[in-house]
Amino acid sequence: MLGTGILRGLKETARNVIGSFREKDRLPTVMYPEETVKTKENFRTFPFLVYDGDHAMPGLRCVSCRICEKECPPQCIFIIQERDENNKAVKHPRVFDIDFSVCMQCGICAEVCPFDAIKMDNIYELAGEDRFTGLLVDKHRLAKSNHYYHQIKPTEANEVDGRLAEDKRKAEEAAKAKAAAAAAKAAPPPTAAT
Amino acid sequence: MNDALTLNGCLILSALLFGIGLVAVFGRRSAILVLIGIEFMLNAAVINFVAFWRFAHPSSDGMMFSIFAIAVAAAEAGVGLALVIALYRHRRSVRIDEIPPASE
Amino acid sequence: MIPGVSIEEKTDPLQGQILEVSMGPHHPSTHGVFRMDVKLDGERIVSLKPVFGYLHRNHEKIAEDVSYLGSIPYTDRLDYLCSLTNNWAYCLAVEKLSGFEIPERAEYIRVIVGELTRLVNHTCLMGFFVQDLGAMGTPLMYAFREREKILDLFEGLTGARMMCNYMRFGGVRCDLPVGWIDEVKKVIAAFPRFLDEFESLLTQNEILIARAQGVGVLSKELAINAGITGPCLRASGVGHDLRKVDAYSIYSRFDFKVPIGAHGDCYDRFMIRLLEMRESLKILDQAIAALPSGQIIDPKAKSRGLRPKAGEAYGRIEAPKGELGFYLISEGGPSPYRYRVRPPSLINLTVLEDMCLGGTVADAIATLGSIDIVLGEVDR
Amino acid sequence: MSIPFLIIAAVILASAWAAVSLRNLVHCGLCAALSFLATGTLYLYLNAEFLGLVQLMVYVGAVAVLILFTVLLTRPATEAADAVPTKRPAFWKGALIAITVGGAVASCLAVYAAPKASTAPELSIQEIGRLLTASQQNVLALIIVALLMTTALIGALLLAAPAEEDTKGGGA
Amino acid sequence: MTLVERIDQAPLLLQRWAVSFFPALLQPWVAMLISAAAIIGVFASLFALSTLAERKGLGRIQNRPGPNRVGPFGMLQPLADGIKMLIKEDIVPLRADKVLHFLAPIALIVPSLLVYSVLPIGRNLIAMQCQLGVLLFFAIGASTELSIFMAGWGSHNKYSLLGSIRAIAQMISYELPMVLAAVTVILATSSLDTVNIVEAQAGGFWAWHAFTPWGAIALLTFFICALAESNRAPFDLPEAESELIAGHLTEYSGFKYALFFMAEYLGMMAISGMAITLFLGGWQAPLPILNFIPSWMWFFGKLACFVVLFIWIRGTLPRLRADQLMNLAWKFLLPIALLNIGLAGLWVKSSGWIAWPISVILLGLAIVGLGRLLRGSRPRGGKRIYRYAD
């Protein structure tokens, strides 16, 4: 009948008005600067470089293998490998820039990095005044400690550390085994030689 | 004293308004302005009625007649303007001098 | 004169002027950058020419240079309202090419996440549609309140609310975080209450009925011939739903129904989506109940440096807007030789003029709103 | 000659003259509305409130808007602006006739100077109602005017409405 | 003069006290000035309050708090809006008709404020008690259309012109049922004077016109026309045109836009004030025992209820299409209003009890019949059953 549908609609809005004073669900607004919403653990924004220990540059995990530079869809990572005095490659990036204005925060670099050197951060207050150089972030600004990584993403960080520790242990065993084998190989020649 | 003057004032006013209505009817080419002229003339007539009702002899006929005059004038304005629109629909122009006589 | 607007002197002097107006691309109700060149005779529409391409980002050409893994984040940006179903369709196509088997748990996660995306898209659509009819944002706000809850779920799982980039070839990127499934259960339990409220607010509303019923009618034959898919097709009376037709992934295990409309007008398209949301809730309940544990990705699957064998594949799914398909030709290289997307929004848009002729401008806006187009997918 | 009367008379005549002599038709329509408004206030000044308000409502509310609508509906024809009216000789010929007629009427009326009642006659709305319905010929006149207005309404509608096949469509 | 009466007549006593300072010659003029200033002051501040109420009310309907940053709970928001409007640059289109563009807001504000002179705000608190109060209200209200035309034509923009034509067509077609709805009350109280109308509804709420059969329907018609007349809620076609035409206000900015905005709210409150006077017993208390509350508080209380109703409807209903709008006015509201006058006559002539059943049956028949006529071919109630694919 003409009008009952409209009345039912009015009842609906009235319920929401009354509800907004009682239920939290009906007034989900968060007053941003004063209150902030706690971000989920998996939340990802821009990447950052992880370093072990407490000194950034020496502890940097990145060995500048440049896989992330190749795999990054919008090509926003730029890496130059360190060269020591007689021009031999060193497993350390001299330049590691990410252009934050190009990066679309897809997380593929963190996924494909075999050394878990680059992970996704969850800071989102990134407003700056300078649009060009301000958003071209060099390795010093990118580097953050493993401790920070544990703070923002505990489960993921523990899992990564577990894997790294386990790799190191396997590497040592392999090294020990190789050393033992080498020793064994070295040991028979002296017996043979005597 | 000023009653007499105001009555004469009203009469002169309505006469002049009537004159302006005539100017619109004779002087302007657009049909709409002719209608506006007619409205002015009708207004002038009703001003006279009210002036005489107010000053001369307060019989109520003047008032009755002016009410009917306004009603009829409104109806006339409606029909007149509808005519103008219908006219425009057929002749694409509302210049009186270009409109052929009804016979054609 | 106002640029872009010209008064074209109509040949027949008796008629009024034909007013040619271009609505858009900056128009409050065209769902993004989309323009309609409308010719008006008084109040009625005489001709309507949709103009799009303002959001063309060359997605398909870029995909030919980027690796298979690299173009997954780009599929998020096709229909930016439901990124996960875009990923799913693309992964289906690549899996057909490379022959990975998807573990059970990954299949269930894909169905759960796919149906949640359908809820997100339909809430968006209903909010925008009623907003175009003039309700001052109230239904839109209610719909968005529910949508936010689901987007928070996506943020918890994939790390981003809309650009999820979550599915990989042979499964999904990461497993469900602890407690995520309970969150989903809570949201799904609360959803029917919102649907009932929405229905009582709108479906019997005389003004909405007057504005939406009999407006923008799409006949069954025209819908089939024009290749329309999704809710627009089902509203015209054709019960074609890929989840039933193809029964891709594990949809055959769930029992759900496909609602069909009879009149094919704006009101039917609106109601079909409302009923579809209830069906999605059913599927979600069943999927969560039967969620197995185990691996989330096929161990043989390689995401980086994938070089599928030469050949072609066409993976299609029932995206919220219709049949979303990816056609890939691979020559064994790291990136596909040809990468083609079948966008349901673009194809549903082709019949806009037939639906709007004879109606008023207000009807054209309502019809455009009911077709539910997203310009990211239309322009690619 | 009381000051308010002079002001109102001046406004009426000035806006009427503007309505007649302006080039842009829309301005003419608006000046005509202003002049109807001023005549309404004149009636109020002469203690005929009912008439003043009816004039306000009928002329300013309806007739003026009707005039403006007609101006709009026939706008393209008048777009080719006719020459400034006051410069055209035909205008002054018309004005000459009008002035002679106006002057003649004004002069013979002006000699009439015998106002009887100096106090404003009181005619309440209830009385007007009773008068309208009491005496026979008033009731007859009332019904005839009512009939006239309905026929005028329907007639205007049929004249102005575009032919039937134009207005079909437009949704249910 | 008990304390209660003193508060009740407070504005009147204040005026008399203020006037007593002036020489006798000037006193009538000063009295008029004070009452005019009072009306403008009170209703302008009510305008500010209702914009705040609107924004917070719409917010609460849409599950958001509404403005709460400027001042405590957003109380200073209207002040902030006002200052913003004053500071904003007043852009006039190049080829606009300067005179009309400038005059339109003034031609709209003057009648909107003039209309308040006949509204009885409290017991003998009325700016101008005139024998033809209701007629004056509608006569002056009718001249607002001219200013909308001036605004549309003055901004030299095709869309504003089309918008203003639609607005005028809507206002004219809804003015008719509104006046006819008011005629039923005049017929019942046989007087056009607003003070008499309010006194005729003395006694309890059962004496109010809204509680008679014809009164209820007339109030409903009056309210729907009030919505259309102030271009709000389901009829806000001209301005909030999301489709093609951006309404006649597009070319206005800064203070002129604020004037239009203010005129819309003043018009809305004036019409609700008239609806209260005609149907809900103006400043009469619903129960005789409640007479200790001052009379003007009742008037403003009822006015507040009307404003809340306006906001509530604006937050809920979608917009009607132009032709549906016209159909509703001419094919539904007008016949009902005419029938209502007949029933009011029957009610006045006959004693109450036989009038009730007849009017209820007739009105029910009319509403259902015309409602079905209006709906045209669509199935009853537009209810549709959807089947599922096999």
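As written, the chain order gives the labels A, B, C, D and E, with residue 1 at the start of each chain.
Everything that follows uses one rule, which is that a residue touches a chain if its C-beta (ideal position, glycine included) is under 8 Å from a C-beta of that chain, and two chains touch if they have at least 3 such contacts.
These numbers were taken from a predicted model, which means no experiment stands behind them.
Student: Count the C-beta contact pairs for A-C and for C-E, then tell me which is higher.
Tutor: C-E
Student: Specify the chain most distant from chain D by Cα centroid.
Tutor: That would be chain A.
Student: Using mean Cα positions as chain centres, tell me which chain lies farthest from chain E.
Tutor: A
Student: Chain with the smallest distance from its CA centroid to the overall CA centroid?
Tutor: Of all chains shown, the one whose C-alpha centroid lies nearest the global centroid is E.
Student: As a quick test, compute the distance in whole Å between the mean CA positions of chain C and chain E.
Tutor: 44
Student: So what's the Cα centroid distance for chain B and chain D, whole Å?
Tutor: 6
Student: Centre to centre, by mean C-alpha position, how many angstrom separate chain A and chain D?
Tutor: The answer is 81 Å.
Student: Quick one: report the Å distance separating chain D from chain E, using the average Cα coordinate of each chain.
Tutor: 28
Student: So which stretches of chain D touch two or more other chains?
Tutor: Expected reply: 50, 54, 62, 69, 162, 170-172.
Student: Give the residues of chain C touching no fewer than two other chains, as numbers and ranges.
Tutor: 43, 138, 142, 145, 201, 204-210, 213-214, 360, 363
Student: At which residue positions does chain E touch at least two other chains?
Tutor: In chain E, the residues touching two or more other chains are 61-64, 315-317, 321, 323, 375, 377-378, 381.
Student: Once bound in the complex, which stretches of chain E touch chain C?
Tutor: Within the complex, chain E contacts chain C at residues 58, 61-64, 157-158, 234, 236, 240, 242-244, 314-324, 375, 377-378, 381-384, 386-390.
Student: In their shared complex, at which residues does chain E touch chain D?
Tutor: 97, 100, 130-132, 135-136, 138-140, 142-143, 145-146, 149-150, 153, 161, 165, 168, 172, 175, 190-192, 321, 323, 376-378
Student: In the complex, go through chain D and note every residue touching chain E.
Tutor: The contact residues of chain D facing chain E are 26, 30, 33, 37, 49-50, 53-54, 56-57, 60-62, 64-65, 68-69, 72, 124-126, 170-172.
Student: Which positions of chain A touch chain C when the two form their complex?
Tutor: Residues in contact with chain C: 2-6, 8-9, 11-13, 15-16, 25, 28, 39-44, 67, 71-73, 104-108, 111-112, 120, 155.
Student: Could you list, by residue number, the parts of chain D that touch chain B in their complex?
Tutor: 1-2, 5-6, 9, 12-13, 16-17, 19-20, 25, 28-29, 32, 35-36, 39, 42-43, 46-48, 50-51, 54-55, 58-59, 62-63, 66-67, 69-71, 73-74, 77-78, 82, 85, 88, 90-95, 97-99, 101-103, 105-106, 109-110, 112-118, 120-121, 123, 127-128, 131-132, 138, 141-142, 145, 148-149, 152-153, 155-157, 159-160, 162
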